[in-house]
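Presented below are the structures under discussion, each in the form of C-alpha cells.
Next come two complexes built around subunit A: one with subunit B, the other with subunit C.
Let's turn to the complex of A and B:
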C-alpha cells in the first residue's frame, strides 16, 4: 500500500492541454474517486499514474519515489480497465494467475493466491471458464481479481462498472466497497457517475476541462461546493442557480430574484461576504432546501407551479417567482396540479452564493 | 424451395418482357460454371482414377489393360519414389518454416506506427505478384557462379548454388521464401492488428516482459490466422513444380511434381502416373486435414 502524489502535472496531446496544473496527494489506504464529464482529463490522469500515459511536465511519486519516467510494469500498480481487458484465450484461472506467472512465482504459491482471491470475489466455480462464457459482472470480478492477486501498491480503476446494466452496477458498487474495506488498498477510481462517487469515495476529486475543481469528502463537495461547476455537477436534481440582487434592509439582507421586489430574507452577515453590485452574484440552492407551502407565512414569496415531475418517493416541482424559476423537492402529491399558487421559503443555511465572473463560491467569513 | 429465397424478377424489366422467369436466369448463370467444373475438373479426376488401375500409355494405340492395384503396389515399393517424397518433405519444411519466420518477423516490424507504412507494405508485397517462371529465371541469374550478384555480395567466389547437389534444393527454397514470405506477412499483419491494444496495456500492467507478452498474448491470438497462412503455403510448396524445374535439374531437386511430370510426359506411363497423382492427392488432403483439425482446436479458445 502506498501514498501517491501528483505535483504540477501537465499533459498535452498535441496542442491540447488535457491536464492542467494537477496537484493531488492520495493518502495510504484512501479511496479516491475522480469525477467529471467525459473528456475532462480524469482517465488521462489515472493512466498517467499507472504509467500508460507519459506526463508532459510535473512529477508523480509513489511512496516518495518519483515514477513519472518509469514503465507501468515498474510502478507496481494494478489497473482495472473499463473494457475489462481479459485475455480471451485463457481461462479465468489463467487470467488471474497471469500477473503472478509473469514474475515467476512458484506454482503452489500461485495456486494458493489465485484460489484465495477467487474465494473473496466469489468466482471459484468459474475458474475453468473462458472470459467469453462469463456475464458482464463476472468478467469485472475476474478483472478485479487479476488486479488484486499480486497485492499491488495501488489499485486504479477506470470506470470499471460503467459497461454494466443499472442493477448490476449497484451490486458491484457494494462489492467494490466491501473489497476496499477488507483489503484497505489505496484506490483511485474514475467515473462520471456521481452516485458511484458519493457512495464509494473517501474523498472525491472533481475535474473539468483538465482542471481540478475541488477535492473533498462526499458531503463536503455536496454541502460546500467550491464553485458553480461543482455545485451544478454534484447532486441530482441539479442545484438551482439564479442571478440575484442583494439589498440591505434594517433587520438584515434581502436577496431578490429577477422580477421579484420583496426578496428572501437573510442574516445581515451575508452583506459583508457578498457584493451588492447588480448582476455580479448568483444564488445557488438545492431543491431540497426550497420549501413550498399552501399558506402564506412570514418571509415566504408567492409563486406559481409550472411543472411537476412525480418520482415516486417525492416530486420535483418547478415554481415561477417573478421572472425566475426554482425547483423544489416536495412530498409526493404535495402540489396537485400545474398553475397552483404556492408560497416559497428557503433554508437560508443551505444557500450558496457564487461570483458570476469567476464562478467561485462566496462565503461568509467564519 | 430455391424460388423462395430468390429475389423476384422486376415485372417491368426487359427479361420479364422476353418471358424469362427467375429460374431461367438463375440457370443461365449457374449452368456454364457447373458444365465447366464437370468437364475440366470432375471428369478428368474420375477418368484418371480409372486409368490408375490400367497400364495405359497415351503415346501408343495399344488398348488399356486393367491391372488392378499393381501400379499402386509398384509405386509404394519404389525406393526412388520415396526419395522424391523425402526431397519434397525437406523442401516443404525448409521453405514454409523460412516463410513463417521471415513473414511473421516482417509483420511484427510493420505492426507499429512508422512513416510510409503503406508504401513499405506494398513494396514488400511485390515478389508475391510476380510470375513463378520469371522469379525462377531471375534467381538463376542472381545465383550464377561467375556473374551472379549473390556470390559477389557475399564474397563466395565461384560457389555453385544450383549445381551443388547439396545446396541446390536450399537455393530453390530460399527463392521460394523470398517470393512467398510477403504472403505470410500480409496474413500475420492482419492477425497482429486484430489484437486489441488494451490487452498489451493489461500485460504491461501485469508486469509481463516483452518475451512473455509475445509468447503468451501475441502468438496465441495470431495463431489461428497464421495457421491458415501455413496451410496455404504447405499445400503450395508440396506441389511446387515450375520454380524447381526452371532453376535446377539435379537428382537432389527432383520434387514429387517433377517426378510425376517426367513419368507422365517423358516416359508416357499414363496409368502409373495417374496412380502416383492419386497418392500425392491423398497425402496433401491428409496433411491439410491435420492442420485444419489443429486450426479448429486453436480457434475454440
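Let's turn to the complex of A and C:
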C-alpha cells in the first residue's frame, strides 16, 4: 500500500496539452475517483501514474520515490482496463497467475494466491474457462483478480465497469466497494459517471480540459462546488445557473433574475463574498432547493411552468420567471400541467454565487 | 438457427452449390491428371484420348530416385531373374540401373534436390516470418520517423517482377561466391518474402489490442517478454498464414533457382523438367517427381489449418 503524489505534472501530445499543472496527493489506502468528461485528461493521468504514458514535466512519486522515469513493470502498480484485456489464449487461472509468474513465485505459492483471490472474487468455478466463455461481469472480476493477486502498491482502474449494462454496473460497483473495504488498497478509479464517483470515492478529483477543478469528498464537491464547471457537472438534474443583479434591501439584498423586478431576498450573511457590481455574478441553485407552491407566500415569486419531466419518485419541473428559467424538483404529480402559475421560493442557504468571468465560486474563505 | 428463405434464395443457393462443384472439379482436375500419370506405364502416359483405366505401376517412382541409362539390347534372362523387383520395373522399361563399380545403386539426384528445396524453403520462411513479425510489431506499436514512407518503400520492393534483377543478382553472387549455395537462395527468398510478411503481419498485429501488452507491462513484464508471451501467441493465426504463403512462394520458385544454382544447391523445380534426358521425354517420371513435390506444401498447410481457419474473432476484448 502506498501514497501516490503528482507534482506539477504536464503532459503534451504534440502541441496539445492534455494535463496542465496537475498536483495531487493520494493518501495511503484512499479510494480516489477521477471524474470528468471524455478527453479531460483523467485517463492520461491514470496511465501516467501506471507508467503506460510518459509525463512531459513534473514528478510522480510512489511512497516518496520518484517513479516518472521508471518502467511500468518497476512501479508495482496494477491496472484494470475498461476492455478488461484478459489474455484470450490463457485460461482464467493462467490469466490471474500471469503477474505472479513475472516475479518468479514457487508453483505452490502461486496456486495458493490465485485460489485465494478467486475465492474473494467468487470466480473459483470459472478458473478453467477461457475468457471468451465468460460474461462481462465475470470478465471484469477476473481482470480485478489479476490486478489484485500480486498485492500491488496501488490499484488503478480505468472505467472498469463502463462496458457493462446498467444492472451489472450497480452490482459491480457494490463489489468494488466491498473489495476496497476488505483490502484497503490505495485505489485510483477513472470514470465519467458521477453516480459511480459519488458512491465509491473517499475523495473525488474533478478534471476538465486537462485542468484539475476540485478535489474533495463526494458531499463536498456536491455541496460546495469550487466553480461553475463542477457545479454543473456534479449532480443530476443539473444545477440551475442564471446571471443575476443584486440590489440592496434592508439587512440583505434582492437577487434579481433576468426580467424579474422583485427579486429573491437573501440575508447579508449569505452575500458577504459577493460583489454588487452589475453583471458580475451568476446564481447557482440545485433543483432540490427550488420550492414550488400553489399559494402565494411572502418572498415567493410568481412563475409559469413550461415543462414537466416525470421521473417516478419525483418530477423535474421547468418554471419561467421573467426571462429566466429554473428547474425545480417537486413531488410526483405536484404540478398537473404545463402553463400553470406557481409561486417559487428558494432555499437561500443552498444557493451558490459564481463570478461570471472566472467561473469561481464566490464564497468566504474558511 | 435457420432464417426464412424465399424460393428465389433457395434457387440461388442451389446455383451456388453447383458453381462450387464446378470450381472444385476445375481445381482438382490437374492434380488428378498428374497423379494418375505418375502411376501409368510409360506407353500410356501420352495416349490420345487419355487412358482412364490402367494397371497402376510404381515404376515411375522407382525411376525418379535411381540413375538410369538406355539398354542397348534385351536383358539376359539370369540378370533379370537376379534383379530385385524394383530393378525389374526399370528393366521392363528398356533401361538399366546405373551402379558404381562396387555395385551400389547410383541415385538420380532427385532426393538431394528435394532436400535442397526443403532446406531453402524452411529456412527462408523462418527468416522472412520472424523478421517480418518483428518489423511489423515495431511499425505497429512505436513511433517510427517516416513510418508511412518506410512501409511504402518496403511494399515497393514487390512492384517489379523479381526476374528483372536476375542478371545483376547473378553477377553479384558470382563475385561474392554465393552462386549455387543454399545460403544464396535463402537470402534471395527471404528478401522476396519479407515485404509481404511485414505487411501481412502488420495487419494482424494492428488488430491485437494494445491493452494486452499494457496489462503485461504493468504486471511486471518487460516489453520483450510481453511480445513473446502475449503478442506472439495472439498473432499465431497471422504467423501461420504468412508462413504458408512464404513457404509456398519459396518452394515453388523456379527462375532464380534455375539461374543461380546448378548442382550443389539446386532445388527440385529446375531439376524436375531436366529429367527429360535421352530419347523421348518420360512424362511418368516427371509426373511422379511432381506428385512427391506437392506433398510437403499439402502437409504444411494441413498442419496449420486450425490457425488458418480460426480467424481473429476469439478475443476477450469488449469493444
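Here, the second predicted complex is superposed on the first by the 359 of 366 C-alpha atoms of A that agree within 3 Å, B and C clash if a C-alpha of one lies under 4 Å from a C-alpha of the other, contacts with A are read in each partner's own complex, and residues count from 1 in each chain.
In this section, contacts are C-beta pairs under 8 Å (C-beta built on N, C-alpha and C of every residue); 3 or more make two chains touch, one makes a residue touch a chain.
Note that the coordinates shown come from a computational prediction; the quantities given were computed from them, not determined experimentally.
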Quick check on the subunit A-based superposition: subunit B and subunit C, clash or fit? clash
Tell me the contact category for A:50 with respect to subunit B and subunit C: first, second, both or neither. both
Examine A:293 and indicate which partner it touches, taking first as subunit B and second as subunit C; both and neither are also allowed. neither
In the superposed arrangement, does A:134 touch subunit B (first), subunit C (second), both or neither? second
Between subunit B and subunit C, the one with more contact residues on subunit A is chain C
Go through the superposed model and pick first if A:71 touches only subunit B, second if only subunit C, both, or neither. both
Tell me which partner A:163 touches in the superposition: subunit B (first), subunit C (second), both or neither. second
Both subunit B and subunit C touch subunit A at residues 50-52, 71-73, 76-79, 81, 83, 85, 87-89, 98-99, 102-103, 130, 146, 150
Applying the document's contact rule, which stretches of subunit B touch subunit A when the two form their complex? 196, 198-199, 201-209, 212, 216-217, 220-221, 301
Residues of subunit A that touch subunit C when the two form their complex: 50-52, 71-73, 75-79, 81, 83-89, 98-99, 102-103, 130-132, 134, 136, 139, 146, 150, 156, 163
Per the touch rule, the subunit C residues reaching subunit A in their complex are 209, 211-212, 214-222, 225, 229-230, 233-234, 314-319
What does subunit A use to touch subunit B in their complex? 50-52, 71-73, 76-79, 81, 83, 85, 87-89, 98-99, 101-103, 130, 146, 150
